[in-house]
Amino acid sequence: MSDLLRLRPAATVDMIAAFDDAATIACACAFEAALAQAQAAHGVISADLAQAIVAGIDPARVQIAVLADEAALAGTLAIPLVARLRAMIGGTAAAALHRGATSQDVADTVLMLQVRNAHRLLAVDVRRVSDALAVQARAHADRPATGRTLLQAALPVAFGLRLAQAARGIRDALAMLDTAVADHAVLQLGGAAGTRAGMDGKGAVVAAHLAATLGLRAGAPWHARRTGVVAIGAALGILVGALGKFARDVALLAQNETGEAHEPLIAGRGGSSAMAHKRNPTGCQVALSAATRAPGLVASLLAGLPQEQERGLGGWQAEGPVLADLFLLASGSAAALAVVAEGLEIDDAAVSRNLALAGIGDDIGESSAIIADLLGGMKD
Amino acid sequence: MSDLLRLRPAATVDMIAAFDDAATIACACAFEAALAQAQAAHGVISADLAQAIVAGIDPARVQIAVLADEAALAGTLAIPLVARLRAMIGGTAAAALHRGATSQDVADTVLMLQVRNAHRLLAVDVRRVSDALAVQARAHADRPATGRTLLQAALPVAFGLRLAQAARGIRDALAMLDTAVADHAVLQLGGAAGTRAGMDGKGAVVAAHLAATLGLRAGAPWHARRTGVVAIGAALGILVGALGKFARDVALLAQNETGEAHEPLIAGRGGSSAMAHKRNPTGCQVALSAATRAPGLVASLLAGLPQEQERGLGGWQAEGPVLADLFLLASGSAAALAVVAEGLEIDDAAVSRNLALAGIGDDIGESSAIIADLLGGMKD
Amino acid sequence: MSDLLRLRPAATVDMIAAFDDAATIACACAFEAALAQAQAAHGVISADLAQAIVAGIDPARVQIAVLADEAALAGTLAIPLVARLRAMIGGTAAAALHRGATSQDVADTVLMLQVRNAHRLLAVDVRRVSDALAVQARAHADRPATGRTLLQAALPVAFGLRLAQAARGIRDALAMLDTAVADHAVLQLGGAAGTRAGMDGKGAVVAAHLAATLGLRAGAPWHARRTGVVAIGAALGILVGALGKFARDVALLAQNETGEAHEPLIAGRGGSSAMAHKRNPTGCQVALSAATRAPGLVASLLAGLPQEQERGLGGWQAEGPVLADLFLLASGSAAALAVVAEGLEIDDAAVSRNLALAGIGDDIGESSAIIADLLGGMKD
Amino acid sequence: MSDLLRLRPAATVDMIAAFDDAATIACACAFEAALAQAQAAHGVISADLAQAIVAGIDPARVQIAVLADEAALAGTLAIPLVARLRAMIGGTAAAALHRGATSQDVADTVLMLQVRNAHRLLAVDVRRVSDALAVQARAHADRPATGRTLLQAALPVAFGLRLAQAARGIRDALAMLDTAVADHAVLQLGGAAGTRAGMDGKGAVVAAHLAATLGLRAGAPWHARRTGVVAIGAALGILVGALGKFARDVALLAQNETGEAHEPLIAGRGGSSAMAHKRNPTGCQVALSAATRAPGLVASLLAGLPQEQERGLGGWQAEGPVLADLFLLASGSAAALAVVAEGLEIDDAAVSRNLALAGIGDDIGESSAIIADLLGGMKD
């Protein structure tokens, strides 16, 4: 029941793996094990019990297909998973597992662990795009080219100016995502009603310990306060759109009659099943397809904000798959455009020919200074 | 690299299967085989070649994981798939495969075959919901209950009126979907630029033949005319919302202080990992989660409408996964609510107690007649 | 406090008027007057009272700015409006006004009256677009031109094929809207809790009478069953997108290096505040801007579907402005593109030059037959 | 042609004024006058010309209705406005107006001036909400109440915990908006193609001077780099959702059977046109209606990100009305909820009764400490 044919054209292998079943189970098991250890460190459970829990949990023994059915029935992953982990652990330690925690503590912490991992993966490819664009922009900081506004020739620009603008937009969007993840990838540990009852008054210190172990921020429970999740999703949506801006520009430049730039030629990429002569802007296709899908996904996250009471019904349960989709789309877009930006073929003759045709002279104004301003802080 | 833990809580097993890799490959192979046969029937290729093609295609021999990587590289599924099928077929027949067709012909026809199959699956569960609601509504067509507006007690209604309203909304939304699928599940066969070049002037008859074989409507190519796809998606969005209306009502009725109705008790469902006493409205959770996600997905489909030229860049490629997601969410919602509607437990004492508490008398106006009007054509 | 500078560039004067304050008050007054007459016709109130009501209501005497403040305070337009109308009417007739009706009956019926009027206005301009496209498509049904897919030259098409595809998409979308309005522009008359209490058991016949008077469909109350409203909105969203497809194509054709078609030259339109030589595709701008905004608006309507109980809190109140916005955007797009389609300037020399440059021959396949198929039923 | 009846129930008078025609014209005139002064300060035009420009511009003489028609025809506000201002100024100074600027420079700077003003207005009401919630939360930091998850009684919480969570979410969302406005309310001054040609190489210093005068950030032109605009819009969407969370909770608490809290009683507010006994949660209605609409609006902004080239076609033109709508909705929601939060009536007896009914004891865990944590930095 795989759906790789749907996922792979839109996302990287690594990002698919960051959100696949194995990753989910691994994160959930890490939460449960680290919770026991944190509770032992603060005397909520004994060290022996914690040790038995850690020793007993084996993610590889979880039967995913069966667990998925059980989770669908239960309405939550944690109940059947905890039951299976308890069976693995056995003895008195089994009962100490998941102490004071609720299903959503697991679900939200798993999501945040995946967010953190996904963000790291994504940032690498996004930086490849903006760095390559910066290099190209600097190389073409003085070359006059046709500036186009409202899809019409306007006044000359430096060819590099458009690339620098794209680079800046992408880098700014990444900075927003960096901030959102740093601020909002927070451990969830509130217990059934978000009061940290059932942890002998040690909830806050256990949470701080657990957050440090897992590499997440500590903070008050946020079961029904989803502003952070949505901020991460909105930043992803902005990033996908900023990447889409560069893709749109390359696709327009690559039109036959324009011909100023092309995606690099890669064996097996961009062909047509019907036309051997064609060279499709496939990297741009991936990015523009992502940019078509992302706005609606962000809207879905926003729609979930008015959560009911201590932990809502339906709203937060909708978030995980949507946030995963946003990371998947962003990964595919960034990876595709990294290749495009690094190998972008610029046809200087076409640039000059089109500019002459437009009959708008060659005064590029302060293009070069603006490029330098836009690229501040980017790779030289 | 499966993601069942994300899919299963939101969708039925059958619907997941309708859009999984095996189903996609099966549909694509069916297209290619039937195309060859249709072309042979009209003399575009010889009967021998068609027979060799049909005999040579074996969906089971397609290595999905490798193909997914190839499709991601190529930017389209059809190119690597056709190459693999040609290798299976061998000889002169290999070259006759996919004649006159383009990648998007395969992609769009596969999508429409999946739409048709998915619609059939979905309609069964949706009818279960509306039929069960109709039965319950008729059984409570005269029972006075608190009518609530703006979340405040207003005037009395028949308890069945709310159920009948939900039933009518769901049934109307299904009718919209029925119409959309009947009108817009159209074969795609236009060739590289949508002109049906390369089929010896037999494009129209081949298309009609092929459509009949595959059980789809015939029509002009629609590569960049996506109104039909979006109409199907919009109908799904409306259906998910109409189901959500019923879920919202049950969840509100099931609140502890209200207690007028509850989801049926099902072993393993609706429990809490932290509170043994709880009985969560898990069916409603599934439906409300779907209703949170669907509007954004419909927006994504709409965003793709302004396609470029003969076949666009990025817009149509975004549709398949989004339409699949809408069917998946609708399936999960309908199946969950079928169980809820069929087993809905109504607490007559609580209904009466709340009505008395509201102090609004018991005049249900024309509730019974309105219920009969709303349920016209539904199961008795 | 007008905001014409924001509305006018996006909408026609007539459509703005269809949803402005005067139109809203006129529709609300028409509802109240016709309700009294319908109730008198069926003996719910006396003929004298009805006559006094009809005579007493004067929309011109409603002070809109004050009423707007009152409506904002009350949370509904109907309460202060009914109070003002009662003051106008005076005597015993005042108390008979609005009998058995609730605020939402007024609000929803007003909305549907505006929908019906707006649909009529819109359909005229949309047909102008599709008819003009049909004429142009037939005139260019045999002229070979560059077919473009994924923004790259692909195979030849008849120049008229792209126009015919756009025409068909627009006409199909209009047909969806026609159906949605015909099916779902239904009178709202349910009373406080949707039971038609308070009308002496005559609710159904009064509703039928009232609907006939107002030119709306009759039907059961639909206070919390909003599938019809959303269906109208979704059809509008599809229409705006279908119009956007044509706009995208014209804007691409009009690029300097391509130059195959241009918007007609109109004094005062498409200029640049900085560049006298420019000729911007302003009609396309209006349409593409609308197409950027519409998907999110449809998502907003869908989000309101899971209404609570008999009449919800917040969901339906969100619909009116959103549906108005969709009609406004559609009107602006259709009117702008009617001008573009009717005056589209096609540069045959550029078409031929680009085709020669692409080096893909001139076989347009079955373009002409497909055009005829697509234009079936459209203006000759 | 006013549409106050649509705007007022959703927005404050002040916010409507911040985006109305008069405000738009005032901002545009301020831009043109300050541009001339900045250019004079750096020798681009003479001080005499600048003085004549400043003296000649009179916003009150702009005929708005005619200008709106002209702007609709032109496809941009700036062209007819500049023409009218030049006619006012007369002489040689007329030609020096708008030097080096393009239409979008005016449009974007006007938008950012309105954003800055709107943000100031909004922040006041938002702080009123969070401050009032903080006060109430602290006052109820130890009172046991029913905690509810998935709309079912779960475990006890301090009554103030839910309020503190809402306060924190709202305050965090406001902080995101503060940051977004501080970072992205940037002057636009790039000229026709974003190169600052036509300003004698003084573009950067003129822009810095102009930004300082207008109270906006200085920065490189961002005509087609819209990440900042969307970041502001996304923050508004998150804020509207966070406000909606509080509204949802109050509406649920105010249900008749629950009755733990109510909106304050205000003459003329929350009545029913059909039921004198009713007390509708009208403030919540405004906020929930806004929360229904906002996600789609944010999606519309995101959809415009892949702008074409130096200045795009349709994308950025869509932003102004959408961003205005988001501020309008946020203002209405915040103002309505400020009243609700400041006057929230809590029924201690109902709180206790419901808790006893739930039979879940009264252990509120670490609620009080969590409340203190959540309210850090808020009004005491």
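First chain written, first letter: the chains are A, B, C and D, and each begins at residue 1.
Everything that follows uses one rule, which is that a contact is a pair of C-beta atoms (placed from the backbone, for glycine too) under 8 Å apart; a residue touches a chain by one contact, two chains touch by 3 or more.
Note that the structure is a prediction, hence the values are computed from the model and not measured.
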With centres defined as the mean of Cα atoms, the chain at greatest distance from subunit B is chain D
So using the touch definition from the top, which pair is joined by more C-beta contacts, B-D or B-C? B-C
Rounded to the nearest whole Å, what is the centre-to-centre distance of subunit B and subunit D, using the mean of the C-alpha atoms as each centre? 37
Measuring centre to centre with CA averages, how many angstrom lie between subunit B and subunit C? 27
Two or more other chains touching the same residue: where does that happen in subunit D? 102, 148-151, 154-155, 191-192, 198, 247, 251-252, 272, 274-275, 280-281, 285, 288, 291, 295-296, 298-300, 303-304, 313
Partner subunit D, residues of subunit C touching it in the complex: 1-10, 13, 16-17, 19-21, 24-25, 64-65, 67-79, 82, 98, 100-103, 106, 191-192, 198, 247, 251, 266, 268-275, 280-282, 284-293, 295-300, 303-304, 313-315, 317-318, 320-322, 324
Per the touch rule, the subunit D residues reaching subunit B in their complex are 146, 148-155, 251-252, 254-258, 272, 274-275, 277-281, 285, 295-296, 299, 303, 354, 357-358, 360
In the complex, subunit A residues that touch subunit D: 102, 147-151, 154-158, 161-162, 165-166, 168-169, 172-173, 176, 191-199, 201, 203-204, 219-228, 230-231, 234-235, 237-238, 240-242, 244-245, 247-249, 252, 288, 291, 294-296, 298-313, 363-367, 369-370, 373-374
